[in-house]
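Sending over a structure as structure tokens; questions will come in a sec.
Letters A, B, C and D mark the chains as written, and numbering starts fresh at 1 in each.
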Amino acid sequence: MTEQKTNSTKTKHFTRRDTLKTLGAAAGLAAGSHLMPLSGRYAQAQSSEPIRIGFQAHRTGIGASYGRWYERTTMAAAQLINDAGGINGRPIEIVTEDDGTDPKRGAEVVEKFAIQHKTDIVFGTLFSHVVIGSAPRAGELKIPYFVVSEGHHVASGKLNRYVLQPGITDVKSQVQSMAPWVGSNLGKKVTMIYPDFAFGHDHRDYFSAAIAAQGGEVIEKIAIPPTEQSFFKYFPRIPKETEVLYHVMVGPGVLTFVKELGEFFGSDRPQIFGFIDSLEAVDLANPGLEALEGTYFWEGFPRYAQNDGANPHDAFYREKVGVDANGASLSDPKDISTYAHMFGCWETLYIIKQGMEAADYKGPADRAKLIEAVESFTDFPEGPEHPQGAKIFNGQTHQVFGIQNISQVTDGKLKVVHRTSIEDSLYEPEVDYTKMAF
Amino acid sequence: MKLRNSIRQGHFDSMDFGPYLLLATLEGAVQAAVLALTALGLSLVFGVMRVVNVAHGEFFMLGAVLAWWISSLLTGTPLFGFLAALIFAPLIVGGLAAVADRLILKRLKYDPEATIVATIGLLYIIQQGALTLYGPDARPVAAPFDFRVSFPWFGYSGYKISVILTCMVMLLGVWALLTRTRIGLIMRATQYDRETAQAFGIPVARVYTGVFAFGAMLAAVAAVLIVPTQQAYYLMGLDPLLLSFIVVIIGGLGSLKGTVLAAVVIGLSDGIITIFFDPTLAKILSTILVAMILVFRPTGLFGTATR
Amino acid sequence: MSGIFNKALMVHLGLIVVLLALHFILPAYHHVSLARIMVLAVYALGFNLLFGYTGLLSLGHALFFAAGLYGAGLSMQFFQWTAGPGFVFGLFCAIAVATLIGMLALRTVGVSFMIVTMMFAQVGYLLILYYNEYTRGDEGFVILRELRVLGPLDLSAEDIRYLVALALLAAAILIKLALVRSPTGRILIAIRENEERTRMLGYDPFRYKLMAMVISGAFAGAAGAAYGILFGYVGASFASIQYSILPLLYVLMGGAGVVLGPLLGTIAMFYLIDIASGMTSAYLFFVGLALVFLILVAPKGLLGTVRERWAPWLP
Amino acid sequence: MTTLLQTRNLSKNFGGLAAVQSVDFDLQQGEIRAIIGPNGAGKSTLVGLISGRIAPSAGTIAFQGQSITKLPAHARVARGIAYTFQITSIFANLTCRENILLPAQRAAVAASGLFGRVDEAALITRADEILARVGLGDQADTKAKEMAYGHQRLLEVGMGLALHAKLLILDEPTQGLSDSEIANFIDLIRTVSKETTILLIEHNMTVVMDLAQRITVMNFGQVLAEGTPEEIRANPAVQTAYLGG
């Protein structure tokens, strides 16, 4: 404290050289030893209050239509957890902050959670650039960061030990697991249309490799600039010999995209296979989407209740989140959920619970123990906690793997025609986070 | 390297050059038509009031969102809902713009810099309003009619072709309004010299409010026309704003003919360059092309100085 | 040097000392936030030099920020450089890009200049996406933590980060203060006020505008490089149009043509968003309302109004 | 006497209109020259061509024996041609002193480069001297826009003086000045002319006849006559142009 006082009384007769000296001294001081008051300020007190979970939500920006449903799913799961007695006897509290679907704000929000809200962990991010922008801060502030992003960033080894994705399969395995079925049922000559985003490039690279392994070939790759509003002019690039058109779009242009696709081909079209990302939060009954009848989609979790007995926990999950059998909000049938992805929030929250219980989590001091506990998990059985299905977790890569669905548009609804096995989606680990220091 | 690979002669095997050009031209024409109408609104506001209206794209967005709202309120045929939207959405948007003019711009005495800030503020307010009241989802509006025009090589939306024609009629209408009527004369007089116009008894304040509302209405009309082929979305205003700015500058300030021509140039070049290059590279090249036109013809292709 | 000049110098030096003192007393959250604010303020300070002093409104400054960000990030990633060389290379990239864009864009004036700079920035943004295999496009990449060191200093530590950000900001403030109070700064202001008259006083406006553009771009690039190095992330969203508008908002809020205006504006904007978003999800509404209100009540920005009413000596 | 400025066949067309036609104009070092002529005679266009504000359609301009035809305006100022605007063109938001400092620092800035050091104190002293000389010594810290119109005209002249030019072009300097201010102005120009050649466009004949050593008369873009005040007064063509035109 004396240090500060000298500084402020000096102000009046300060020269430039003095400033530089002080700056230098301060820098040296800071470098040499950890400043006592500072490290004190960044530490956190333990508490017997609720376990606080920072929810990094896309309330505004391009992720907002996903963010809304991520929030609803999270709140539903949190409610259930609390109704069942919370975690380690403590209730959980979801603290939500909007990240604007922006990586800069995302990093700021992580700081806010860690320091101001003093949450125990951060959770719930979807968009990859927000995850990657926030991850370094989570690592530096040593706060566990559970993402629900389906990006390959976690398993690629680019992030750090504090980042985990235990609730949703990553894009690499999703894409890989589609190739065998696509190759043997739809065709071998594939044209891909994807956004010129890293996410689109992942689809391009992983699918190209996977379909080649099936004896197929990607004959044309059409990367659409993300600023595009209209897609029609790109369709002539689709080669005539195309047997399968593989599309994955994201963002608000998706509706235009699929409408124009239908317009372009009419009835004489190749097989069309897409990722439901192209239609998340979009009503299949929308005018112009009739042309999708008979086409196929990947779905993480089938939007329409299948009633085929394959998934006994879907109905329970649906009811708790407030979604009807068509994947729409119970209160507004035109409000379509992001059903294929949002289950990840639910399942992640339960894994956090499981991890905290295994680690006997008491407070921020046990954060490393929590991560180690989650890393030690190997599989999650299907159940109310994991309604989408059973999963295998790889503690080294911090990534989970689950079954995937292929659905066909039949009478304006998505009907599952194939379920992959978990084994279809596994690949060689690219990283071992457990060897990194905390 | 990547650049060379992407100059593609190879893929005309997918569609012959002729039909591809036809398709690119049609797409370019739709974009040009809607852009011309939107940009004209910006150009009028810019020309008469010297206001750079950064919220112009939000008026476009509001037009689209209101079109969804109005047509979803009305049951009956899509045609009925659409016509109602075509009438009422622009009126509501125009009304809002008039209020914004009276409450904000007028008090700023139309100072060019201050109005930029104020319209950025307006942009946020409108955008947030749409997000809160309308939601983050993209929503469709049914086309009033639709049929697929089957060319031998590909199918095309009949509605899109009608959009081109409708925009042309609208543009002619605005041209007649500006050159053949007393309203147009008053606007031009105000544009030419505000003080003199005032001295001649022209109610300049009311003209400004009217022009600002009219400019916003043009954007809203354009949005209502195009929204059945796209979707209404709360962040959709940015692109039309940027493109309109480019069109207005390239076309030359206050030149109706220039604005339309520039919209055609930009719409078509955007469509046609995509035949030859990777899509993103095509966007890069067309953007550089237009920027270079501005750099070496700073006053625009067809107009006089734009300060 | 007259007394007035010394008074101005004292205010700026005093502010830097206050920021240093805050390092020891600020609560942690504000400490960590202020570190980021200071980096972004350097960006805004550079923008102000071009906009507030020279009268040129660029809507493409994100390009220069991104040039610094990517120059530093990519060189560190591919050559395993540490922060020092990475920063210098980022700064060099920004200066090179600003010089090139300046030579082209300064052929235009007024709204054309706005649009041309915006379009060049759009080209930069698309190039980042196009060369995805190196940049990972929109998703961006993380700069390895072990490379984020400057000699013995670990730049990912909260205390070092703050002090490094402060050192950068202090350098930016002092350079800018020296520049705007120099005869050259007087010429920049003259160009803003009346370009034709300035030319007829024997100054080549193009040369001075280009200089302002390059220095402004260098500030933006330094901020970009520092942002990547201090916060560990490089991504395309920093090259998007929103990040070109951001420094304009900071400057307008704090006061255009006042050296410290951008810093105050950056602080005000950060806390406006931070506090408003804590209270409502409709926080953009309040940002918009604040802008409209500000321009109606204090059109010269916070410090611009202070200067007008109480402190005409403020540079 | 040496020739300071020389134009040959200097012409400027605006669209179809020939504002200046084939003007051969010589200016001797040290003289006070006035250009007169009816409105639209091309006087302002001619000095615009000389100062470089307007690019010629044809012809050449030489200053101190070197061609400056292709030089941009700011480079001509650097050579020593100063121009004061007909329509007051001062930096309205800057103080009087700053308005003078800008031209006063030109030579020093040119010598020291973009980031060189300049003796600010000496510059301020000089600026205040010039302000005193044009009679604005007590208004150094006043913002230019807050001054009376006549004082703004004087400031404009002061800016020309501060450039320390070899040739000072004054475009209607006395417009809007009161009689007493005009008298002061005439005295000022007389003293200045000891160091500088003066080229004056002026409507006020009293000023012209009082100050000018030679007068050039323009009409329809051409030089109609040139001579001493007495010769011009007696010239029948000039009388026709003024009275009959």
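Keep in mind that, in the parts below, a contact is a pair of C-beta atoms (placed from the backbone, for glycine too) under 8 Å apart; a residue touches a chain by one contact, two chains touch by 3 or more.
Quick caveat: nothing in here was measured; it's all calculated off a predicted structure.
S.K.: Of the chain pairs C-D and B-C, which one is connected by the greater count of C-beta contacts?
M.R.: More C-beta contacts join the chains of B-C.
S.K.: Can you figure out the chain closest to the middle, judged by Cα centres?
M.R.: Closest to the centre of all protein C-alpha atoms: chain C.
S.K.: How many Å are there between the centre of chain C and the centre of chain D, using C-alpha atoms for each centre?
M.R.: Computed from C-alpha means, the inter-chain centre distance equals 42 Å.
S.K.: Would you mind pulling out the distance in Å between where the CA atoms of chain A average out and where those of chain C do?
M.R.: It comes to 32 Å between the two C-alpha centres.
S.K.: With centres defined as the mean C-alpha position, give me the chain A-chain B separation in Å.
M.R.: 36
S.K.: When you check chain B against every other chain, which residues touch at least two of them?
M.R.: Residues 128, 131, 278, 280, 283 of chain B touch two or more partner chains.
S.K.: If a residue has to touch 2 or more other chains to count, which residues of chain D qualify?
M.R.: none
S.K.: Give the residues of chain C that touch two or more other chains, as numbers and ranges in rising order.
M.R.: Counting only residues that touch two or more other chains, chain C contributes 122, 126, 129-130, 281, 283-284.
S.K.: If every chain is a node and every touching pair an edge, decide which shape results: line, ring, star, complete or other.
M.R.: Contact pattern: none of line, ring, star or complete.
S.K.: Could you list, by residue number, the parts of chain C that touch chain D in their complex?
M.R.: Of all residues in chain C, those touching chain D are 1-2, 182-184, 186-187, 189-190, 193-194, 196-205, 211.
S.K.: Looking at the complex, which residues from chain B come into contact with chain C?
M.R.: Interface residues on chain B, with respect to chain C: 2, 46, 52, 104, 107-108, 111, 114, 116-118, 120-129, 131-132, 238, 242, 245-246, 249, 278, 280-281, 283-284, 287-288, 290-292, 294-296, 298-300, 306-307.
S.K.: With touch defined as at the start, can you tell me which chain A residues reach chain C in the complex?
M.R.: Of all residues in chain A, those touching chain C are 3-4, 7-8, 10-11, 14, 16, 19, 22-23, 26-27, 30-31, 34-35, 37-38, 41-42, 59-60, 97-98, 102-105, 107-108, 111-112, 115-116, 128-129, 132-133, 135-137, 139-140, 151, 153, 158-160, 196-199, 201, 225-227.
S.K.: What does chain C use to touch chain A in their complex?
M.R.: For chain C paired with chain A, touching residues are 10, 13-14, 16-18, 20-21, 23-25, 27-29, 31-33, 36, 122, 126, 129-130, 132-133, 136-143, 145, 152-153, 156-160, 163-164, 166-167, 170, 174, 231-233, 235-238, 242, 273-274, 277-278, 281, 283-284.
S.K.: Could you pull out which chain A residues touch chain B in their complex?
M.R.: Contact set of chain A toward chain B: 60-62, 64-65, 67-68, 196, 220, 222-225, 227-230, 232-240, 252-256, 259-260, 263-266, 281-282, 286-288, 335-336.
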